[in-house]
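Per-chain residue numbering starts at 1, and chain names A, B, C and D are given in the order in which the chains are listed.
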Amino acid sequence: MTDPAIELKGISKSFGPVQANKDIAIRVMPGTIHGIIGENGAGKSTLMSILYGFYKADAGEIFIRGQKTEIPDSQAAIAAGIGMVFQHFKLVENFTVLENIVLGAEDSGLLKPSLGRARRELAELSKEYELNVEPDALIEEIGVGMQQRVEILKALYRRAEILILDEPTGVLTPSEADHLFRILENLRAEGKTIILITHKLREIMEITDTVSVMRRGEMTATVKTAETSPPELAELMVGRKVLLRVEKAPAQAGDVVLEVRNLSVTDDKGVQRLKGIDFDIRGGEILGIAGVAGNGQSELLEVLGGIRSATGTVRLKGQEIDLTGTQSDGRSRRARGIAHVPEDRQREGLIMDYHAWENVAFGYHHDSRYGSGIFMKNAAMKEDTAGKMERFDVRPPDPKLAAKNFSGGNQQKIVLAREIERSPELLLVGQPTRGVDIGAIEFIHEQIVALRDQGKAILLVSVELEEILALSDRIAVMFDGQIMGERLPEDTNETELGLLMAGVTDTDAPHDVSEIEANLAHAGHR
Amino acid sequence: MDFLTLLQVLDSTVRLATPLLLACLAGLFSERAGIFDIGLEGKMLAAAFLSAAIAFVTESAWIGLLAGIGASMVLAGIHGLASITFRGNQLISGVAINFLAAGMTVLVAQSWFSQGGRTPSLMSGGRFEPVTLPFAEALSGVPVLGPIYTELLSGHTVLVYLAFAMVPLTWWILFRTRFGLRLRAVGENPAAVDTAGVSVVGLRFAAVAICGVLCGIAGAYMATALQAGFVKDMTAGRGYIALAALIFAKWRPWYALGATLLFGFLQAIALRPDVIEAVLSFRVQVQLLDALPYILTVVILAGFVGKAVPPRAGGEPYVKER
Amino acid sequence: MDVMPKWAEVVLVPLISLVLAFLISALVILGIGENPVNAIRVMVSGALGSAYGWGFTLYYATNFIFTGLAVAVAFHARLFNIGGEGQALIGGLGVAFVCLYIPWPHWSLALLGATAGAAIFGAIWAAIPAWLQAKRGSHIVITTIMFNYIAAALLSYMLTEQIKAPGSDPASAFFPDATNLPTFYDMFSWTGLGFSEFTPANVSFLIALLACLFVWVLIWRTKLGYEIRAFGHSEPAAKYAGISPTKIIMVTMIISGALAGMMAINNVMGEAERLNLNAAEGAGFIGIAVALMGRSHPIGVFMAALLFGFLYQGGAELAFSTSIPSQLIIVIQALVILFTGALDNMVRMPLERIFLTLRRPPKPETKLEAAE
Amino acid sequence: DPAVVFDLGGKFDKSFNEAAFNGAERWKEETGGSYREVEMQSEAQREQALRRLAESGSNPIVMTGFAFGNVLSEVAPDYPDTTFAIIDAVVEEPNVRSVVFKEHEGSFLVGMMAAMASESGTVGFIGGMDIPLIRKFACGYAQGVLAVNPDATVIANMAGTTPAAWADPVKGSELTQAQISQGADVVYAAAGATGVGVLQTAADQDILSIGVDSNQNYLHPGEVLTSMLKRVDNAVYEVFAAGDAVETGVNVMGLENEGVGYALDEHNADLVTAEMQAAVDEASAAIIAGETEVHDYMSDESCPALSF
């Protein structure tokens, strides 16, 4: 029997009082794709970071290809043939792709020869593994899909034989994700070993050979993928049965709540982000906006949420909304009954250093319930938070904990509790379940549907087509600042939506990937 | 303003800009690596003192220079220890270093030389003498270019030429070498450097050390080239001005040259009320003249320079786990 | 979640840091050939050992409370106000105008007027850099540094050309007697605390305490404070919540400048009773250290200001009764700032390890389990 | 024991305070007595220092600098048994001796020497902080220059308008360079530590300079034309020597009682010609005799010879 590519024994790791990994053992066979799943905060990223030398384990041993190996830092991991693509990419934003790839793996003191060699090797690697990147583009100007390819290339350029990917598909479109999986299969075919962390059971089932489940810092099970099923995995992960489908009754659409006409936005750099958009949303209806990130969805949410000014007309229940003037800010929007769950909860939706109870009032801090006159009523805020945390099952239900100390899913629940519990006329939701584990996804979807069933209008933006298809009553697809078309979820499928997202309207004709990539490259900054 | 006056003002500009330039480049290395440094002033001051003291004792400007660099490096080391190793607050550390230098220089100078916190005046060997560039004499007769060469370009100390040579060198190091790539990366995203297998701590210490060297030269220049000895608080806020120039220059070497020359020029022109009055043809209140460089800085900053975006990881210690 | 109990964080860490700072200071004193034990004794007894000493210590502390609070408030919005010095100078100008040109019937009214004058003038001086930052993106660190120099020149102009009293030095006339503030001697003579008639601590100390309270309420109890902190933590989040960055930058800096300006009621109105060029005496810069050391919390600022007041007065005593050069005090200040402000983790890290091992066995609680 | 209180510049400022220090030291050496000294750090300490010294029995107490004036007028009445001496200001209290100097007269003499030594007919003056006292120096100097050479040009610059102007030798250097480029070949510095830079640059550029307060000729032998002496050391020495018996009232130190003058020693012997010396001594005599009147800027805040 061959040695496992990786074997970890008795790995433990604490961050201060938090024990993130407890006595973990895992074996990964060479030439396989090994999945790791687990709830938010289960310790997946920590375990892999230890393997990559990013963190140092408190205890435990690492064997690479049967050899006991010390990995005190990433240098050692790289030398042992390990590469890792982190959940939050470790790229230098204002460097070029090429510079990011050579960083730390330069040949000599001078850059030029290193860059020259990297350029040549990159061309080969790109061809070999279908990893197209633009060597001279700046990271901040390319899309996440390409950024991820850069991360993979970084690892391959360092001759990684073992590749770890931490939640790689969280930010990808379906076609990008498919593309990624093709790449991973190619790599496996080459004999490389891959460890894949994901929250998506479908992906586990689709591509992995083996899957390990983590719960609360411990490794609870490792099973052959072929011998398990999504419901079983979900139960192993969460510790109870999970509904993997959204249950919802047909929509009872009422009057038009939101009317958007000829909405246009130009950003600071003079690029037109929205090009005259029209649509309506009725009460009791979820309008899903599908699209590749960067095609104007974010701007649409920002305009409606009062963060960005725009031209055109927006009416809420027949009353016009100020898009440029003094009433064009988040506070006035909230006063009009528009709630907003932003795409990036850590950057916008929450103040990470604020306690949960402070975050619960965030944006609504002028409400009479949270304050009187110029003062805030902290006691009222705390009380309100305790209630919300209970109703939204936020764990741990401690209003005094800072937002940064909650896991992603629980952070999202805090935002949702704040925005939904007020019964807004219109709810704007961006990427509601990005990076959230399935237990929490189920809950979040239920809350959104419940709001719809109260007759409220909901605008849902998500790059997850599965989510769009499951939640929406109508689907609009955005591409390059325009709406390419509207579909009903029951009349469409991921393939058709994927083509629309790439700006292709004749969805019945055959199209190849390069055409789609070229289209996307022209849209916005991608 | 006639040509010779202009030359004199520019000549003065060069001298006044030199310490600013060195300190600005020093700050550039440090801040590009993500370590903010408001302790430039203190490092210059310490270097000014020790270079003068050692130059006096050894009668060698060069040994003095090394000593000055050493003094500055010690403070740089403290800053590194506080802000890199112990992940302390970089602003506090910088403030502390400025205080430390202000106090220690005088204290040590007093107990060493008993001349009221200054060093004795340096005799010729202890100072950097002006360098006359080749053919300066011969070319002085050539119209326009001649005086520019002899008056303006020639006749500065070697440290001035060193300072100006540091600009292309800094550019080259930052943008053409492996070290520079890593240095810039660690100021933008230390995690990227860390996961690429390069030591964040090592890089940052290297940057802080370079900062120490350059501040050391700046201080030594003031005490052993511009002046002939150390006088208490002789840097007179130039470290802060250099910091302003650095922000003004958006953390880029060539812009730093431009910014420090501009600041030097504003200071030089403020020393010539006669010229200003001749140009404006009315009397300028002395206090206004005094404040002129600062007012113009604000005006230029507000009027012509857009938002300066510092290195993204600047000022924050690199914390992997808490 | 925290590794250490709160008392260790709040008391133990600063205390050990302080001890370290003084140990190194002692070495410095030894290095220049003096007796450190004697020096410390002189400082402590001179600054804290008598009501006389306290009268000076609290006077200096009052200055530092104002400038420290100024820097602290700005820090909450992540604005680095290095301009406290200039704002305090200009605040002095405000005090001078109010005291010289308005006939006040009683000091209490004059104090109100002067406080307003100082605050308004200081606020104006901070508002310009704030506006430049908010509207033009000019880096507030540079502009506030520049405004310190400009303030000094402006004050010099006012004192030599506009409101100069006859005599050799550039200073305003003495303020009318009706504006002279009661000192601790006047205020506490009935208590038998024994404040000397000649110590400068005065009623502005109480205003400084009120200012601490004001800042605490502002930052942690008002909607504005909530918005200021939110903006300081994350500008995108603030925008999302409908908080206007321009408004926050302006308002915060105006409050900050007003606080720095208010320092003038202590030194200009309370002590010098006229305006001179030295009005701020570097207190604006000490304010930075005080705010940083006080972790931008009013109580911390108050404690740090006391510490610096102690160092100032203790240092003066040292100069009176020993031959130690007065620069030693600057060195001690530097070491205190360094150890308590920048090298605090050097103390905290080992302490945390100790506390962690102390609490592990009896209570192996983790966050994950707490989550159940 | 007597005591001396130095102003913010500190006792080693190479000029004013240092002169006071030298006087005290001389007294100590000659008599073997001891004295107390205090350096100011902040404005609030002025009164504190005076009271502390008075209460601890120091007598007489000398303080340097006009900035003590206001404080002293408050403190002196509280300690009628202590004698105070203040330099550079007049405080009218029965137990105060006020020592003031006729700096304009000394400056007049060195101005004459500057004009005689100058070949270009342009001479410079560099002051520290722009205050009336320094203008008094500048004005006397300009009068002396013009007395010798009515066509001469006097360039006057001040290093600044804030106390920082006393401590920036680099600025002093650059001002000197600027004056040289305008033709000045003698510069007179009355600028504290800033003056150190002035004298240095003058020596580097081979022009003559004039020191101030103390004898600064030794700083650059052969390159400092002379120094305008302001005998603060004598004033302090006299007070210390007189002890309890020191006379109170206003004590004006001028040419007549050698309170001001110019320095002549081995360092500048070659620079000061006999002719120069004769002219200056003659002028000095005329001033003492009242035949020549040197205008005092501080008497009416104006200067006939120089505009500021």
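FYI, a residue touches a chain if its C-beta (ideal position, glycine included) is under 8 Å from a C-beta of that chain, and two chains touch if they have at least 3 such contacts.
The model shown is predicted, which means the values in this text are computed figures rather than measured ones.
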{"item": "By number of C-beta contact pairs, the top two chains", "value": "B-C"}
{"item": "Geometric centre distance via CA averages, subunit D-subunit A, whole Å", "value": "75"}
{"item": "Whole-Å gap between the CA centroids of subunit B and subunit D", "value": "34"}
{"item": "Centroid spacing, where centroids are CA-atom means, of subunit A and subunit C in whole angstrom", "value": "45"}
{"item": "Averaged-CA centre spacing for the pair subunit C and subunit B, given as whole angstrom", "value": "29"}
{"item": "Contacts with 2+ other chains: residues of subunit A", "value": "16"}
{"item": "Subunit B: positions in contact with at least two other chains", "value": "110, 117, 237, 287, 290"}
{"item": "Shared-contact residues (touching 2 or more other chains) in subunit D", "value": "130, 161-162, 164"}
{"item": "Pairwise chain contacts, counting only pairs that touch as defined", "value": "A-B, A-C, B-C, B-D, C-D"}
{"item": "Subunit A-touching residues of subunit C, taken from the complex the two chains share", "value": "1, 3, 221-224, 226-227, 229-230, 233-234, 236-237, 239-244, 352, 356, 359, 365-371"}
{"item": "Of subunit B, residues touching subunit D in the complex", "value": "4-5, 8-9, 11-12, 15-16, 110, 115-118, 121, 222, 226-229, 231-234, 236-237, 267-268, 271-274, 286-287, 290"}
{"item": "Contacting residues of subunit B [partner subunit C, same complex]", "value": "78, 81-83, 86-93, 95-100, 102-104, 106-108, 110-111, 117, 237, 240-241, 243-244, 247-248, 285, 287-288, 290-291, 294-295, 297-298, 301-303, 305-308"}
{"item": "Footprint of subunit D on subunit C - complex, ascending", "value": "56, 59-60, 152-153, 155-157, 160, 167-170, 174, 198-200, 267, 271-272, 274, 276-278, 281, 312, 315-316, 319-320, 326, 329"}
{"item": "Interfacial residue positions of subunit B with respect to subunit A in the complex", "value": "175-182, 184-185, 188-189, 191-199, 312, 320-322"}
